[in-house]
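Which chain is which? They are A, B, C, D, E and F, in the order written, and residues in each are numbered from 1.
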Amino acid sequence: MANELTHLDEKGQARMVDVSAKDHTEREARAMAVINMLPQTLAMIAQGKHKKGDVLATARIAGIMAAKRTPDIIPMCHPLLLTSVKVELTPNFENNSVEIIAICKLVGQTGVEMEALTAATAAALTLYDMCKAVDKGMVIDQVQLLEKKGGKSGHWLRTGDQV
Amino acid sequence: MANELTHLDEKGQARMVDVSAKDHTEREARAMAVINMLPQTLAMIAQGKHKKGDVLATARIAGIMAAKRTPDIIPMCHPLLLTSVKVELTPNFENNSVEIIAICKLVGQTGVEMEALTAATAAALTLYDMCKAVDKGMVIDQVQLLEKKGGKSGHWLRTGDQV
Amino acid sequence: MANELTHLDEKGQARMVDVSAKDHTEREARAMAVINMLPQTLAMIAQGKHKKGDVLATARIAGIMAAKRTPDIIPMCHPLLLTSVKVELTPNFENNSVEIIAICKLVGQTGVEMEALTAATAAALTLYDMCKAVDKGMVIDQVQLLEKKGGKSGHWLRTGDQV
Amino acid sequence: MANELTHLDEKGQARMVDVSAKDHTEREARAMAVINMLPQTLAMIAQGKHKKGDVLATARIAGIMAAKRTPDIIPMCHPLLLTSVKVELTPNFENNSVEIIAICKLVGQTGVEMEALTAATAAALTLYDMCKAVDKGMVIDQVQLLEKKGGKSGHWLRTGDQV
Amino acid sequence: MANELTHLDEKGQARMVDVSAKDHTEREARAMAVINMLPQTLAMIAQGKHKKGDVLATARIAGIMAAKRTPDIIPMCHPLLLTSVKVELTPNFENNSVEIIAICKLVGQTGVEMEALTAATAAALTLYDMCKAVDKGMVIDQVQLLEKKGGKSGHWLRTGDQV
Amino acid sequence: MANELTHLDEKGQARMVDVSAKDHTEREARAMAVINMLPQTLAMIAQGKHKKGDVLATARIAGIMAAKRTPDIIPMCHPLLLTSVKVELTPNFENNSVEIIAICKLVGQTGVEMEALTAATAAALTLYDMCKAVDKGMVIDQVQLLEKKGGKSGHWLRTGDQV
């Protein structure tokens, strides 16, 4: 990896990095987030009377829409043309949590890590919003990049060695 | 707390909850997020040659601006008139992390928990973005509400008993 | 009703009407839209293998979110604080259509007719988008205000006498 | 046409369709909307004292701007780079209506049907907003795609056989 | 006036100032901008073949819409509920310029100076955009607050003594 | 230069110009703005107790983010994929002003003059906002394009001959 913060110039001032000379390549990023909750909250979302309810659908759609808003939210992100966004939410009854995976793709000059992270986070925040009337103590955890493909820096896969 | 997901109607369909009859009261919410990183990444942000750099300022501003965008990002959130937003970022050299606290205030009919959580999260994501060239393995953790004041449900303070 | 286009000044120039002196009253608007489609398209949405699918949920959420974006889309609309938004989508198998009803509420100085109309329309356009791969000929019809309560002009209910 | 709703995955969950492998081709879409009104409303817009007024201009500009906001409004729409947007509004004194045609172009991987439909609809809603003080009964009708060129599915032209 | 930059805390960090305790009062701000151009550019806008053209209308509408977007553009601005926005554009043939006046009103807890300045500026930038094909040298000047009413700091009127 | 306002059609109606047939070339624009203030205001920003404060950082970030919002603010601007944005703010103690330079780059079909002008202006407005509590009389001046490269019209450099 680089040993410089590329989003700062030599004076330490923020800038949108110049990617004009970068190749247009196919890029993909996969990120995750987990939201932990009370068992009864998970039960309300995933089974019982609201089984067919809109909770997971709302979070999924929020994640997809947030991916598109990433350059509005993250100041130094380039605007870009996402070619694919998927957000999967999987209830985990052992851990009383919902696990969220977001996958973004692009053919372009910059990576889509921030888009995938933003999608996963927005989906998790939306779950919090939908359930906060019954469980204000929910905690979002493990928001992290899992894998990244394409671009000059190539393939990156999370291993046990990272933070 | 309620024992119903208020954001769903009796058919399980998402709705923006009707708050027309709620009082306009002063409300406040305090939320946090933590971003864990390599020691050398933290050093780059917080000391050394980029000491005066824009990294923390950019994250702080991103958090404040994201608080205002909450109803655009979280589908069932009401639009509201934030009267105060503060985002504090504190490097923690023992844990190799930056701790983020966001505080939002409002005089209105709905709480500002989602605004505070969105602000903290956006600040954390912005730190990730600013540093990802040197440390893709950073992990955002402990995104949670710490305290909430005002409104019908009254005071709520995180204790050890929650998730 | 008025006999002047209030959104134009005496020179015919567009303006955002001054509502500073208007009372804060509870207001409500109900609007509809219909989207007509092939029988097999309706079947795909409402029954059969995608019965549990996200099509109607996506349209419902799009409508709710679009209501909040109304002042960004309709140039002379005032920003306002919606206190409630509901969007109902009902398949009509006799007419091969989906009927959409949107209800918006507010305690404020301006009506919410545009918000209800925008919500109904965005839900209809989203249905078009979700189904256009199988049915490009769908037609959106009958986008209209059904009822309006509150404000100086008072109650208005669609009757057979209007356009 | 396809016999599947491409915006849903095999589980019926909404996704932004993956267009990464699609060719960049020139694409064009033409859509329409009609807004029906009282004769005196049409007269106010199109002739008489407000002949030079901003009503039609405001609707035209709203349509053009809304075309650019399409991916913010329609959840599964890809962000894209419109290369041309035109919105034409034509008063029809026989039918007491204004007919709206929107044409969008793009060189890219996805079609621009939704952009053209969104532009036509936003222009119609803006006309409603500008005139609602004098005519709340206006009805928007015939929101539909007229023609589509380019892309893998090729040329599509509305005929009498559709819905 | 204050002798402190209220948008910074005691550590020099940006914040959205806390206005929770401020009164809701009627507030108004009037701001201006001037755009200077070649005589033939002004002639194209204001007379001759494009006399009925949309140039001034587009700039006026852009100004009104930008006023509503102010909290999205200016990081520390509070979201607020504008009750009135007017933008006037007056060709000045002596100075080869267009003079722009924007007036914003609100009943609320914060002033609307930034909204009026943003409206005037956006209108001027839009004129630049509409005419840049024929006159890239246009210069925007004298962007300034003219008057401010309401709020704790009371009436402020530009005099010859300011910058 | 052209002798027509390209953003109007033959009837004088606004349109987003068709650039479908234009080449994708590297383009760059450099624009400036100046904000004049009282000496003590400049001192507060640039030296003394707030030397390390966020004022200039906030303005810089606002400028970069506004560049990305240009097509939302300027009605006829095409959406585009900025590949680089830089905003420099330089205190000028002789003139009691801050000089702002914004540079935008793109590989695409349209120029980025409006993005550079919008970035410079938003940075200037943000400085106004951050300092208005102490100096309401600040004036923004000399908002202008300095240089433009790339595209069919080629190189353009401001000289003494323009407005």
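Methods note: a residue touches a chain if its C-beta (ideal position, glycine included) is under 8 Å from a C-beta of that chain, and two chains touch if they have at least 3 such contacts.
Keep in mind the model is a prediction, meaning the values are calculated, not measured.
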Field: Contact-graph distance - origin chain C, target chain F
entry: 2
Partner chains shared by chain A and chain F (touch criterion as defined above): B, D
Task: Please pick, from A-D, D-E or E-F, the pair whose interface repeats that of A-F, with more than half of the contact pairs identical by residue number.
output: A-D
- request: Report which interface contains more C-beta contacts, comparing D-E against E-F.
  value: E-F
Query: Can you name the chain that lies farthest from chain A, using the mean of each chain's Cα atoms as its centre?
result: E
- prompt: If every chain is reduced to the average of its C-alpha atoms, which one ends up farthest from chain C?
  reply: F
Whole-Å gap between the CA centroids of chain C and chain D: 16
Field: Chain centre separation (chain D, chain F; CA means) in Å
entry: 32
Shared interface positions of chain A, touching two or more other chains: 13-14, 52, 54, 57-58, 60-62, 65, 69, 72, 75-76, 79-81
Chain pairs in mutual contact under the definition given at the outset: A-B, A-C, A-D, A-F, B-C, B-E, B-F, C-D, C-E, D-E, D-F, E-F
- line: Within their complex, chain B touches chain A through residues 1-8, 12-14, 36-38, 44-45, 49-55, 57-58, 61-62, 65-66, 69, 72-77, 96, 113-114, 117-118, 121-122, 124-126, 128-145, 148, 156, 158, 161-163
Field: chain F - residues contacting chain D, complex
entry: 9, 13-20, 22, 71-72, 75-76, 78-81, 108-109
- prompt: Which residues of chain B touch chain E in the complex?
  reply: 26, 57, 60-61, 64-65, 67-69, 79-88, 105-107
Query: Taking the complex as given, what residues does chain F use to touch chain B?
result: 52, 54, 57-58, 60-62, 65
